[in-house]
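Next, two complexes with chain A in common: one pairs it with chain B, the other with chain C.
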Partner chain A sequence: MIETALTWGDLAFLAKGAGMTLAVTAISVAAGTVLGVICGVIRFQLGPYWSAPLTFVLDVFRSVPLLIQLVLGNAFQSIAKLGWPPFTTSCVVLSLYTAAYCTEIVRGGMSSVPVTTRRAARSLGMTWWQDMRYIVAPLATRVSLPAWIGLALSVMKDSALVLWLGLIELLRASQILVTRLQEPLLILMICGAIYFIISFPIARLGGYLEKRWSPND
Partner chain B sequence: MFSYTFQWKQALKALPQMLDGALVTLQIALLSMAIGLVIAIILTLFRMSGNRILSGFATAWVEIARNTPALFQIYMAHFGLGSFGIHLSPFTSLLVGIVFNNAGYLAENFRGALKAIPDTQTRAGRSLGMSSLQAFRLIVMPQMLRIAFLPVTNQMVWAILMTSLGVTVGMNTDLTGVTQDLNARSFRTFEFFAIAAVIYYVIAKAVTLAARAFASRMFRY
Partner chain C sequence: MIEIENVRKSFGELEVLKGINLTVDKGEVLTVIGGSGSGKSTLLTCINGLEPIDAGRIVIDGTDVHAKSTNLNKLRQKVGIVFQQWNAFPHLTVLENVMLAPRKVLGLSKAEAEAIAVRQLTHVGLAEKLSVYPNRMSGGQQQRMAIARALAMSPEYMLFDEVTSALDPMLVGEVLDTLRMLASEGMTMICVTHEMKFAREVSDRVAFFHQGVMAEIAPPEQLFDAPQHAETKKFLAATH
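Up next is the complex of A and B:
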């Protein structure tokens, strides 16, 4: 086989990095989705005029590089003397970043629910909340889920950037190994393979759901 | 809570330097989009060719580009290629990384667009005596680019945001690189990066608006 100085301990180190990547992703996607659903509903219900400030703020999160957002978030927490560790800062920034994209997905899903269907629900005596829960939520989820899976995966990939704040996630872990062992190609390929193994099956699932659930078929 | 004094004056003095950096950023983004588009069209052709090896190559490219982080792709260009004795400058490795990423995403967009173009059009072209490449170039491609215009614009914005990753491989001439340099000298992190964020926002918005104006002129009918 290939001649290498890589030991099992190093592989465990990489696995720990991958665990950190997944932890950051899971927390950010969960928090970002909750926030995104709230913002999406607000944006949809208020209409373009009244939700303009919210739209602008969320747009900023989508038009500024994540790296800059992370640096700004970190600088802000030290200025405000919040004393957050890099892990918290990363999760907060990534959550807001996720929420900005999730809002668009939620809004798109909600606008795909025909207005007539919602009016019918209200005419039957359902409250706004019931209409949301039993009519809009199931229909919108069908439309939004494939896009949401895509978002979760892109956050997983973008979470590589938290290495800039000193968090040892998968890519940073492999970089440390590269510096020590001087075998960049092999180690980076293992790192890439791990990302691919996490991402590819889920991406395929998203593609399958999209095909399966698309309204025109 | 806020005992910190902001030093905006000092940061604003560096604005010309940062705007020069913004130009480099825009240059990389445009260059990577141009090369990425060409490669994406070639990859699309490969996928349509029916040749196992060619379409396998294209699929592998697209899947790797879409399922690994952009930062990983840049690292691969910068550190990974070193194993083959190819040592790229930060500028080149950043460009190579973004081009690889762009080409993959654009090829996938084109594939979606192709689904909207009926097969019968190619066949009509072929029966009028066009070669298959002619039919693709004259009939399918213009429609494909038109349908994919919005996703391509989005990818352009992504390319601009991705250029910020250059700083991780030692790039110091683009907007993020310049900002990081200034930051390392003065430790006014928040001020400098806030200005950089504003510049990035303006660039991204300008590109989106320009693309929208272009589309409404070009695709009127």
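Up next is the complex of A and C:
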């Protein structure tokens, strides 16, 4: 077997880091998706002209590197004396970042539903809301799913950047162990494996849903 | 009764309906013929309130379709429309396609909606296809499903907008048979169509539209055999 100074305690430390990665990701993806759906529907309904201010704000979140957003977000909360702990700041910034991308995914998905199909729904006496709920939402979800899975996976990996605010997530935990044990190869391999173990089910879930829906399209 | 009074409608600069006056009685089958761009399809979407009108009035059983106070969703339950493109809901089975509006719009229970849907689908000859997804069916079958979907709302009026135009010639017959059946059952129908033989056979009256104007309206024998208007003659000569 490989000679290593890594102890069970160290692995538990990594697992705790992974837990932090998962927590930040889950909260940010959930909040970002809810916000993204709201902004996506607004953008779709208002059209490019009236939603221009919203589009501009979202473009800022999409174009400024996440690391800069985190550092600026942290500076802002401290200047505004919000007193947020790093965990809260990280989740807020990552949620907005996720929402900016999710908005475009939602808008694109909604645009893919043919106007004629929606017209057929309305002609049966369905209200705008019923059309959204029973026709647009399910069809747009199908179209948006692959992009949304990609977004969730990328946010999970990007969440490593929150280490700059002092959170000990998976990558930071690995760095700490590397510094102490001087076994970068083994530790980073374990770290990579854990990222894979977290990502794999999400990717598979996406594949499963796509497959389940595809015979109907 | 559908009363159409001096209806005008433009898309931008283009005036597609130039003052249409028309009354359709209960139980009547009216077919509308005419070249493309003559405004016939637009008229149907205006009757259903899917398109606003610029002037005039459309009154259905005393309700002004385009009045602000009119509940269009309620009115549309009474006036079914089927389009050239059948617009199946691709994520739902045939049965679910037909059940959706009765359940959500009329608020029927699942069992009631299912009973209606099965009855209507059987009516149009799709009893074997209940659990199939629309994309697994031919265009003609999907179009018949769309008809059943509209009928499931128990409409009093049915509007058919070139329902056979997008179909393979082999499949036109089965859809026209469904329309014939409805006509024989006494449904009030306005059919925009290019199927002249069908129009002659089922209609009580045939209207000929030309460039946004209703050039001529008459019983089928008269319109097809002794057209009065020059444009009608030209059109019929070209389509024969």
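Note that in this section the second predicted complex is superposed on the first by the 201 of 217 C-alpha atoms of A that agree within 3 Å, B and C clash if a C-alpha of one lies under 4 Å from a C-alpha of the other, contacts with A are read in each partner's own complex, and residues count from 1 in each chain.
Just so we're on the same page, a residue touches a chain if its C-beta (ideal position, glycine included) is under 8 Å from a C-beta of that chain, and two chains touch if they have at least 3 such contacts.
Note that this is a predicted model, so its numbers are computed, not measured.
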{"item": "Chain touching more of chain A, residue-wise (chain B, chain C)", "value": "B"}
{"item": "First (chain B), second (chain C), both or neither touched by A:Leu124", "value": "second"}
{"item": "Contacts of A:Leu139 with chain B and chain C, given as first, second, both or neither", "value": "second"}
{"item": "Which superposed partner A:Thr116 touches (first chain B, second chain C, both, neither)", "value": "second"}
{"item": "First, second, both or neither for A:Trp213, with chain B first and chain C second", "value": "second"}
{"item": "Which superposed partner A:Ala12 touches (first chain B, second chain C, both, neither)", "value": "neither"}
{"item": "First (chain B), second (chain C), both or neither touched by A:Leu205", "value": "neither"}
{"item": "Touching partner for A:Ala52 - first (chain B), second (chain C), both, neither", "value": "neither"}
{"item": "Doubly contacted chain A residues - partners chain C and chain B", "value": "none"}
{"item": "Residues of chain A defined as touching chain B within the complex", "value": "60, 63-69, 71-72, 74-76, 79-81, 153, 157-158, 160-161, 163-164, 171, 175, 178, 183-185, 188-189, 191-192, 195-196, 199-200, 203"}
{"item": "Touching residues on chain C, where the partner in the complex is chain A", "value": "48, 50, 73-74, 76-77, 80-81, 83, 85, 87, 89-91, 100-101, 104-105, 133, 135, 146, 149-150, 153"}
{"item": "Chain B to chain A touching residues, read off their complex", "value": "1-4, 63-64, 66-72, 75-76, 79-80, 82-84, 157, 161-165, 167-168, 176, 179, 189-190, 193-194, 196-197, 200-201, 204-205"}
{"item": "Complex interface listing, chain A residues touching chain C", "value": "114, 116-117, 119-127, 130, 134-135, 138-139, 142, 213, 215-217"}
